[in-house]
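Have a look at the structure below before the remarks.
Labels run A, B, C and D following the written order; every chain starts at residue 1.
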Amino acid sequence: MDGLHAELGRTTFPVAEHALPILQSAAVGRRYHRLIVDAPGIAGRVQPGQFFHLLCREAGGGEAGPYLRRPMSIWRAEGGRLGFLFNVTGRGTAALARMRAGGTLSAVGPLGRGFALGAGWRRILVLARGVGLATLAPLAAAAALRNIAVEAVLSARAPGDLMAAEFVGGSGAVVHAVFDEDGSSAPERVEALLRARFSQLRPDAVFTCGSNRLMLLLQRLAGEFGIPGEVALEQQMGCALGMCFCCVRPIRHADGVHDERVCTEGPVFDLQAALSW
Amino acid sequence: MRVGVGRLRLANPVMPASGTFGLELGQVFPLARLGALVTKSVTPEARGGNPLPRLCETSGGVLNSIGIPGKGLPAFIAGALPEWRRAAGGAALVVSVSAPTAAAFAEACATLEAAGVDAIEANISCPNLEQDGHAFAASPGPAAAAIAAMRARTRLPLWAKLSPNTGDIAAVARAVEEAGADALVVANTILGLAIDIEAARPRLGAGMGGYSGPGFKPVALRLVWQCAQAVRIPIVGCGGIATAEDAVEFMMAGAAAVQVGTATFIHPACMLDVIAGLEAFCVRRGFSRVGQLTGLALPQAELRAAAE
Amino acid sequence: MRVGVGRLRLANPVMPASGTFGLELGQVFPLARLGALVTKSVTPEARGGNPLPRLCETSGGVLNSIGIPGKGLPAFIAGALPEWRRAAGGAALVVSVSAPTAAAFAEACATLEAAGVDAIEANISCPNLEQDGHAFAASPGPAAAAIAAMRARTRLPLWAKLSPNTGDIAAVARAVEEAGADALVVANTILGLAIDIEAARPRLGAGMGGYSGPGFKPVALRLVWQCAQAVRIPIVGCGGIATAEDAVEFMMAGAAAVQVGTATFIHPACMLDVIAGLEAFCVRRGFSRVGQLTGLALPQAELRAAAE
Amino acid sequence: MDGLHAELGRTTFPVAEHALPILQSAAVGRRYHRLIVDAPGIAGRVQPGQFFHLLCREAGGGEAGPYLRRPMSIWRAEGGRLGFLFNVTGRGTAALARMRAGGTLSAVGPLGRGFALGAGWRRILVLARGVGLATLAPLAAAAALRNIAVEAVLSARAPGDLMAAEFVGGSGAVVHAVFDEDGSSAPERVEALLRARFSQLRPDAVFTCGSNRLMLLLQRLAGEFGIPGEVALEQQMGCALGMCFCCVRPIRHADGVHDERVCTEGPVFDLQAALSW
């Protein structure tokens, strides 16, 4: 991720509606899909954890699709290209999955506050459930560029749903996979695994996305070990620009719990500040 | 492209609709290119907002029940207003206010006048605590009472934002004109509902919500048309506007200016396209001023023109 | 799939909406498969109808101003009624009537009872000549007066078709329940407008028109929901229904049966799909009777269920 | 047109919504377009002058298009295929023109009352303006099958817009072309041409479609010569099934002028009964 530290304010109008040529549209495993779009001049200035707000119909008004856009994390941002990796769950993602190379994706962004990598860090640990790894993949890439070692615990239903390669990319991250199928993703077993990795790896920070249960577990263990962390949250969005207040989540502060906008104050929040959802 | 909304002069007739806009849109384009900026409704006191989900889409638009969360008027004036003034540049700054009683509305106007804004938009579609929670704008009496109370406390241009949730919008329009409103904003969202059939409950956390977007447009346009035939004060049209053609429809139905709401969620820069498209339409059709579109499709257009 | 709308038993809860249906649809499928047949509104005297264009589309549906053309009630009874009865087979035959005064409504009911029909749907959304042309259904008083006059002249199931063009549909619903209506049909079209910007005039010959179709659905569903909480008589839901999922939404909002209107223009056999889809939904979700869906999403659903 | 005399009532439910595979979609000249669809079992039982009501978006809900269907005359009905030939004028026809072979056209029909060819007729004359010839083409084909000679006067802006081949098909009809460009379509010149053809050909009947001006001319001349005739009218439609009364036109009857539904009593009306529009 070349532009990791690009400031949001570097261009005067950092956010725009982009009409991006679709280079690749392909199913990934049984339930996932990836879209790769051409985005020179954009891919280089996005931060890991940021997202785009995607129109789920052809920009020209062609394909029928839902009215609102859908928020989607940046999964790849390399070589002037952006990639999105998503679970096909409803009308919007189904319409996105129907888009074809040669078509155009309308994407508003880059949006939101991404992950922060501290100066001098050497090791991070990442915990993702399901497609939550899409959001964390650029963090692994950025860490690799800064010679920060990445270990990932990826949880999935079954090996066929894991997408370890989709996470690792060129980052060289070490992956520990756990599955529902063989029981290795059970809370107590993941806790044991994490405790072991914490003790051995001594990560400078931890990051998570994709599961409330895993977030609560990580919150507890990171608190216990005194390790800072961040979590990427999801919430349904309207404007994705901070204007409509429909994407709020309660966030813990020194002076109490406040509603904050996932699109603007997030989607990345301090791990200990997030509340269960 | 200059137009007047009563005493207020605007560089162009396009502005955002309250609650669908914020200074954050300045990340996308220079906000001073709009005819005016309109704030999210500000309430006298801090409010939390409604349960989630607060927004859901339907085939023709969206339903919302956000609940006007905010830090309250004093915090707005101290914290946000200076930024809004800076962002507005040459554009007019319109502050939308919402309050539970006529007296609270009036008080808020006095406070805002002192703080310095260009116009006040009174969101009288909110529940009136003195009327069993019915919206002020649901009937002429309470609507007029609220506007009269505000009028007594401010000399700023005072816009009354009407609600579609009334049996006779023309009567409400006449009542608030009589009570001293300088302009009407027509209209706020119409009450709607969507049900999640798997869960057997409303899709919005709050139950019903306000319907906006393209599917609401024919109703909003009709409301403008009815109001334009009922009052002499200018009308700001609002409801489902997404394109310059939509804006022309509203102006021809009697609007002097227009507000764009939900469409900004889909195309964040669409207000600029509306401005450019309005200009292009006027050029193509030989109108030297965009204001000439106002009321062109009204039944009495000829009579009116003759009378002037 | 059997349901009751008050005393009237229907083989299934799906029927056409008045004015969007005719025996001509029998060219497409056997009409007796519907829960009921509903005629175009019949007026006491022959009428010509409105200027063209009478229909135009908008992004979310259509606007119409047809004007209830027809040969009048005597001609209907003599000419068409026998054919309607034949086509209905086991389905209930509901005749929609529209009239300019309460007395004329009442007279029409007496005539229809004598002629033999299964139920009368009173289209009280039409202009009331004794009230300056305001629709009967716009306010509780005139609506109740019309229904009371009809009630006095017929013992047939009497359905009052309400209008969205009112400030307080719950009050109108209570008034017509009080006046003796056996059921409500909610709702007729909402007033809308579309403008041809090249011609600078309304796209309908008559100016404003009634808005129907998918874009109207969230509003109609909300009206059903409000009425269901206001009255005890059954409700027939109508407005934008095109699929079985839409029908489930209306039933969960409180409807005992549903009417399909504009959707038939797009998919002429869609009512059969709605029937089949409702059945499939009930099977999948384990409802033994489709009537169990009625009111499931209402806030008091639990209270109500407990009370029974 | 194999099924010319198929009765509307032959099947119990003669009208249906058909999902028809698109075999061909091609521009014709500068402003026209043709769609050929596979319709075995339907093409054989339609009458010349009947129409279908076309959904202007992919049946599966794919392409975005206008809400209402668009009425379109049957232009070809041969070999189990139906053809439509249309002017691309607005949103609906533009969406139809975007449809591609391999896709599906949703068509409700066949609808309306078509043209009638009298027993024992030997010669007919057809007068069409612009794309009005699409409506009349199946009449020429049906006439040819019954050994009725067809002469056509086709009026167009310019030779490039004529589409004479689109009209003639395999019917062997004789075409007289007149154009705006060279002034040959001027009313007085068409009148002279028609008078000459009436005198020489002595047609048993005349038919027209596509122009109010030409209809009035033909009405006058056919009246003068005592020749029966029919005209196909157009009107905006909602249901196309006779239920909504939005497609009415005033039609002259012995007892006065009545509104009749173009979709049901028409689209073909007695030439002398039609009023100017």
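Definition applied: contacts are C-beta pairs under 8 Å (C-beta built on N, C-alpha and C of every residue); 3 or more make two chains touch, one makes a residue touch a chain.
Treat the numbers as computed from the prediction; the structure is a model and nothing was measured.
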* To do: Would you pick out the chains that touch chain C and also touch chain D?
  => none
* Asked: Going by the contact rule set out at the top, which chains touch both chain A and chain B?
  -> none
* Using CA atom averages as chain centres, what separation in Å is found between chain A and chain D? -> 58
* Give, as an integer number of Å, the spacing between the C-alpha centres of chain C and chain B. => 33
* Mind checking the centre-to-centre distance between chain B and chain D? Centres are C-alpha means, answer in whole Å. => 49
* Structure fact -> For chain C, residue numbers touching 2 or more other chains are 58-61, 214
* To do: For chain A, jot down the residues that touch at least 2 other chains.
  => none
* To do: Make each chain a node and each touching pair an edge, then name the shape: line, ring, star, complete, other.
  => ring
* Asked: What is the complete set of touching chain pairs?
  -> A-B, A-D, B-C, C-D
* Structure fact -> The chain B residues in contact with chain A across the complex are 19-22, 24-30, 40, 48-49, 52-55, 57-62, 64, 66, 69, 213-214, 264-269
* To do: Using the touch definition up top, name the residues of chain D that touch chain C in the complex.
  => 13-17, 55, 66-69, 108, 235-236, 238-246, 248, 259, 264
* chain A residues within the chain D interface of the complex -> 57, 61-64
* Structure fact -> As the complex stands, chain B meets chain C at residues 58-61, 63, 138-139, 165-168, 190-195, 197, 200-202, 207-208, 211, 214-219, 221-222, 225, 245, 248-249, 252-253, 281, 296-297, 299, 301
